[in-house]
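The structures come next, written out as structure tokens.
First chain A sits with chain B, and in the next complex the same chain sits with chain C.
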Partner chain A sequence: MSDTSSVSRPERGRGIGTLAELRSIVTLPVELGMRLFDPPMRWVQRMIGARRMAYVFLLPNFVFFGLFVFLPIGINIVFSVTGGTALFPSQRPYVGSDQFAYLFDCGSYLDPATCREDHFWRAVANTVKFVVLQVTAMVLLSLVTALVLNMRIRGRGFFRAVYFFPVLLSPVVVALIWKWILQRDGLLNAAITTLGGQKIIFFVDPSWAMFWAVFVSVWAHMGFYTLILLAGLQAIPADLYEAAEMDATPRWRVLTHITLPLLWPNMIVVIVLALIKGAQTFDEVFVLTGGGPGTATLMVVQYIYETGFSSQVQNFGLAAAASVVLGIVLFVLTLLQFAAARRKEI
Partner chain B sequence: MAELKLTSARKSFGSIDVLHGIDLAVRDGEFVVFVGPSGCGKSTLLRLIAGLENVTSGEIHIDGERVTHLPASERGLAMVFQSYALYPHMSVRKNMGFALENMGLKPAEIEARVARAAAMLRLTDYLDRKPKALSGGQRQRVAIGRAIVRDPKIFLFDEPLSNLDAELRVATRKELASLHAGLGGTMIYVTHDQVEAMTLADRIVVLNAGRIEQVGTPLELYNRPANAFVAGFIGSPRMNFLPAVVVSDDGTLRLTVGEVEVALPRPASGLAAGASVTLGIRPEHIEIAPGDGMLAAKIDLLEQLGGETFVYATAPGLPQITLRQDGQSHFHRGDAVAIRFAPDHLHIFDAAGAALARP
Partner chain C sequence: MRLASLLGQRRNGPGRPLHWTDIAAYAYLALGVVLMFGPVLWLVLSSFKTQSALLEFPPSLLPFAQVEVTVPGQPQKLPLFRTNLPDGSVRELAQVRRIGLVAQMVDPADPAKQFRVAIDKREPVRRVAFATENYSEPLQRFAFLRFLFNSVFVTVVATLITLLINSMAAYALAVYAFPGKQTATLAVIGTLMIPMTIILVPVYLVVTELGLANSLWAVILPGAATPTGVFLLRQYMLTLPKDLIEAARMDKASEWQIYWRIVMPLTLPALAVLAIFSIMWRWNEFLWPLAVLTKTEVYTLQIALNAFQGELQTQWHYLLAMTVVTLAPVALVFVFLQRFITTGIGSTGMK
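And now, the complex of A and B:
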């Protein structure tokens, strides 16, 4: 008996020892860090008081944001009010609002050809067109998909995953997949010719190019918005539907008088988020169409990129001014989203 | 208003049987309360009647018409939900008129019906408010109003008072009773609160583990419970159950209760000597006698409520006994007392828990 226990004890001891060792290895850097930081932090707390310590803990993040977000915004604003081709702000002459005046010098804002910087206004018109089409299609399709995925259908979990899957892909990957499908000798044209049709060269037709830019964008992002709407649908208490059933409510009236009004706060969030995302569209459309044919799918962000970095004369000032304009539009949209989020509670 | 008849109504969820064949007839204008512990199937039974769940087998008839497989929207019933289930984005007026709009009534008729129900439920001043701007009691009244305006065949209530505080619950209970007296409709009401059941019901249906234990008027259930479950469920504080052994049953039933022998004059019921039975006695049917009595006991605890006193006492070989005394008690914890049962109010349950016929 004693032999057995004397054999088993060291084994158990080794097991515990291994676990403890592993734990100490994992926690060692944390403990070392704590010991390293403890004396200076105590000193700081003594100097400034416990209440102000919150700012000390916020400081690293603030420095990070300052360096990589606020500082570039500031530099961008400096570039937007200075001219020339020099890179360093100190070498750039101050031009005030000249860049903005140049951007906004238009005979008619509805006709880009009358604008001095017609590329910018073509990009604005394309972006507005893209956003209107994309957001409308996105919201409607996301809503229908969410309504269907909220029903008790066979394979519901599978379909929920399938619709969300494109969201996980990089925009460039999405665009390359669809470019492969849509190109002259792509999968879609192969299918069309197999069925006896003629090849369509999608990306030389402005309407087709815009259509596919919208389609691919909707395909890539719909899962995310569907998820938001699905969460909204699932948050509607089931007993409201039972009450509607007891009230002998026809199905279309359940949709229009109960589901949609209760889903409206989520719809607002989806619409505003989709607007913000749509206004910033660049990578997918750029990889898919390159902004063409001509300027048919040139978006504002692509205009900024090309004006600042890829044109022969790298006009940082004009690109920065366009960025400021886009930034203001996005800021207004973000305020709208915050307002919508605050009104979410019924 | 309508009659309801359930015939062998059974409900299973997968392999789990929730209701095991319910047979029940509810008369026109009757207020029937389903009562039972959590999980007994009372809400499921209500939902079967409503049409919100399908029966696994069996039949449901309303006014002689078979509605077993009719959807809820075609049964002509109204339901008041535990959560009220008010449409949060609609005003009180819209909530109450929504079902009438579905019925295709003219706006003037809808307005008149809503106004009438609102006046009855003291909601006239709140018609333009949204539910979130109402108190719990007001929301409950809107939920009831939503049912009233439809003039349904049967009103169904699923634990409608359980979200209210104690004071409001008592007030709303009284309002419901007077509403039933005023409307005269058939009402089926689910609760786990036996006080609600006793005060509201014309008849109570006691459910346990998916079966009906007993159906009867509140006082029938209180005075003549069919079994130990009903006896224990109806009445607060609950009935005392004391294990006993039959000594003889020959015109006088002699039982050993704890360490004493008790003789009860009653007709022979065929109990064999040595059989185990349970003696049931309600707290108000036990007296504390300073001198001699059936059992010698010691007081463990007193709860003085002013108008009445609950006394908890222990006798050798028996579980703790609860007694109710009118007024305020002069006894103290630790006092040795003798307790005496009122023989006319003793219930005897056999080993399976079924009540033996009382003389």
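And now, the complex of A and C:
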């Protein structure tokens, strides 16, 4: 942990051979670059004093935050209250709350067909349905998996890795893996016909498409939540279990009276995190189903992307208004997350 | 047999009988291995099948290809068939040509002998063979190397920038007391709440105004300053002994020198975790590049793969091979750094 680069302490590198040489090849440019900054930084420090160097260190990161987060939030709001097709805000006519009024113009919010922007409401309905199914399945499966992995099991590291590795795969790869299995002449249909069933063309059936969207996204992400819950389980003091064992408490009572209550704060964190991620679902589902059949698996983020970027008429205003709505939902969920995290600390 | 001995030597000693929950647990884990590993294994196996083998239904488990033989007097290699001859014998014959429902066959051992066989009387002789051309051909047919380069460039440059500016900000927040520190910390937390998904359009505007549209920098720069990175590094730097920094100041080291000569080397473990995260984020990034990159020559692997899956519906053999190539670096990172990643996530609760 405390070893510095082999360049700044060259005596360590000698004698070790190629590995150290390799390291110096990597660290040398870094070393040179950093050294180049030294004279100007020294000059700045003399001008403003050592204490105020903090601002210099903060500056680059905050330039990026400013340009790509804070400024865009402002522009987003401007976009959402202006119309037209121009990209530059000053060329866009002010339309007040028209974009929102258009988005929210519905006969009944429960029936997307009665809305003027029915795509948006279909996307909202799909996302809600998706999130409810996905979060429920994900939390339950992660919980079961974490409980199993927390048992006295041989090869625990291996099994943990098995459940975890899809988390690292890219959404495109995940979607293509499953698309290949689920296609008309794919592995699953081969299994079905071997068992005497009929081939199912999954992605032309709205219910199947939604099912597989949920399934694939749970498959890809459950390892992450399992890991958080496993960390929570391992933080439960062992003497509680020892005491229960002395009293010959049945296993299920240990589970319901010790494990689950003590795990509950972690569960809340996992649920809220899964809600936040779920509401922003886009990648896997987009590559897997393309939002189809029809609009059966169209999600809110896909609606925003298509409205702003890939439709014939790029409607930046409407896309921005929809992102403001999504942003408010996420904001509320994030506040919940902070509240949950705080409760966990107490 | 092996499973039984495995179960017998559980950690809580050999004497205890197996509880039914133990058996259920192993069954669950075995199912998990099949469900989690199976699909990826199937992808890799399939990617080595020839185009015609991929169209077979039901599919074979391993990649098979028909055996081809060179027959003296024939210009091309000929496919080999196991043939039922009219006299009842079965022989392996090479097919010279096929006319309607009749195939003209030849015995590879005795090329002078020719047979005419009905096509339903013969079966291809097949052997396990890996169709490596699925991997080599896309290199020539598509700008595959270009996409690979783009992805590597974006991942490496973005990670370096992230490590530099995040560690600088973390250093400021961890080491100094200055007016506005609270505000700066809150601002970092604030950005945590603003995912890319909700500022897609305005970031696009900013990038366009900066003249970066359709360049790799449009992908690299917007996500370079990560709030998670700042927090991760700050938490780690807070644990470093303050005396070290004071001592360096006594020795007339400049603040910049303290940052990169003392604090950075000590923060290496946290930097490594952030580097791994950043590499994963960048290599797998999809929505933003999809929105901002419209020219093929700046596509990253992920975007190219998505574009191909629309165009190449009938050319799964290329698509599967490209998917494996896209997956491979992540798989390698995982195999070598699994412990690093899982403890990183376990301790930070982020990915």
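Quick note on the criterion: the second predicted complex is superposed on the first by the 290 of 346 C-alpha atoms of A that agree within 3 Å, B and C clash if a C-alpha of one lies under 4 Å from a C-alpha of the other, contacts with A are read in each partner's own complex, and residues count from 1 in each chain.
As a convention for this text, a contact is a pair of C-beta atoms (placed from the backbone, for glycine too) under 8 Å apart; a residue touches a chain by one contact, two chains touch by 3 or more.
Remember, it's a predicted structure, so these values are computed and weren't measured experimentally.
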### Query
Overlaying the two complexes on chain A, which is it for chain B and chain C: clash or fit?
fit
### Message
Is A:F79 touching anything from chain B or chain C once the two structures are fitted on A? First, second, both or neither.
### Response
second
### Residues of chain A touched, compared between chain B and chain C (which is higher)
C
### Message
Contact-wise, after the overlay, does A:A231 reach chain B, chain C, both or neither (first, second, both, neither)?
### Response
second
### Task
Could you tell me if A:P261 is touching chain B, chain C, both of them or neither one (first, second, both, neither)?
first
### Message
Looking at A:E242, would you say it contacts chain B, chain C, both, or neither? Reply first, second, both or neither.
### Response
first
### Task
Please indicate which partner A:R253 is in contact with in the superposed arrangement: first for chain B, second for chain C, both, or neither.
first
### Message
So in the superposed three-chain picture, is A:Q312 touching just chain B, just chain C, both, or none of them (first/second/both/neither)?
### Response
neither
### Summary
Min C-alpha distance, chain B to chain C, superposed, in Å, is 9
## Note on the structure
Both chain B and chain C touch chain A at residues none
### Message
Touching residues of chain A toward chain C in the complex: what are they?
### Response
1-5, 8, 34, 37-38, 41-42, 45, 50-55, 57-58, 60-62, 64-65, 67-76, 79, 87-89, 144-145, 148, 151-154, 159-173, 176-181, 185-187, 189-190, 193-194, 219, 224, 227-228, 230-231, 251, 269, 273, 280, 282-283, 287, 301, 304-305, 308-309, 316, 319-320, 323-324, 326-327, 330-331, 334
### Complex contacts: residues of chain B adjacent to chain A
50-52, 71-74, 77-79, 81, 83, 85-89, 98-99, 102-103, 130, 132, 146, 150
### Task
Quick one: which bits of chain A touch chain B in the complex? Just the residue numbers, please.
237, 239-240, 242-243, 245-250, 253, 257-258, 261-262, 346
### Query
For chain C, which residues count as touching chain A in their complex?
6-7, 9-12, 19, 21-22, 25-26, 28-29, 32-33, 35-37, 39-40, 42-43, 46, 55-59, 164-166, 168-169, 171-173, 175-178, 181, 184, 187-188, 191-195, 197-206, 208-210, 221-225, 230, 249, 254-257, 259-261, 265-266, 268-269, 280, 283-284, 286-287, 290-291, 302, 305-306, 309, 316, 319-320, 323, 326-327, 330-331, 333-334, 338, 341-342, 345-347, 349, 351
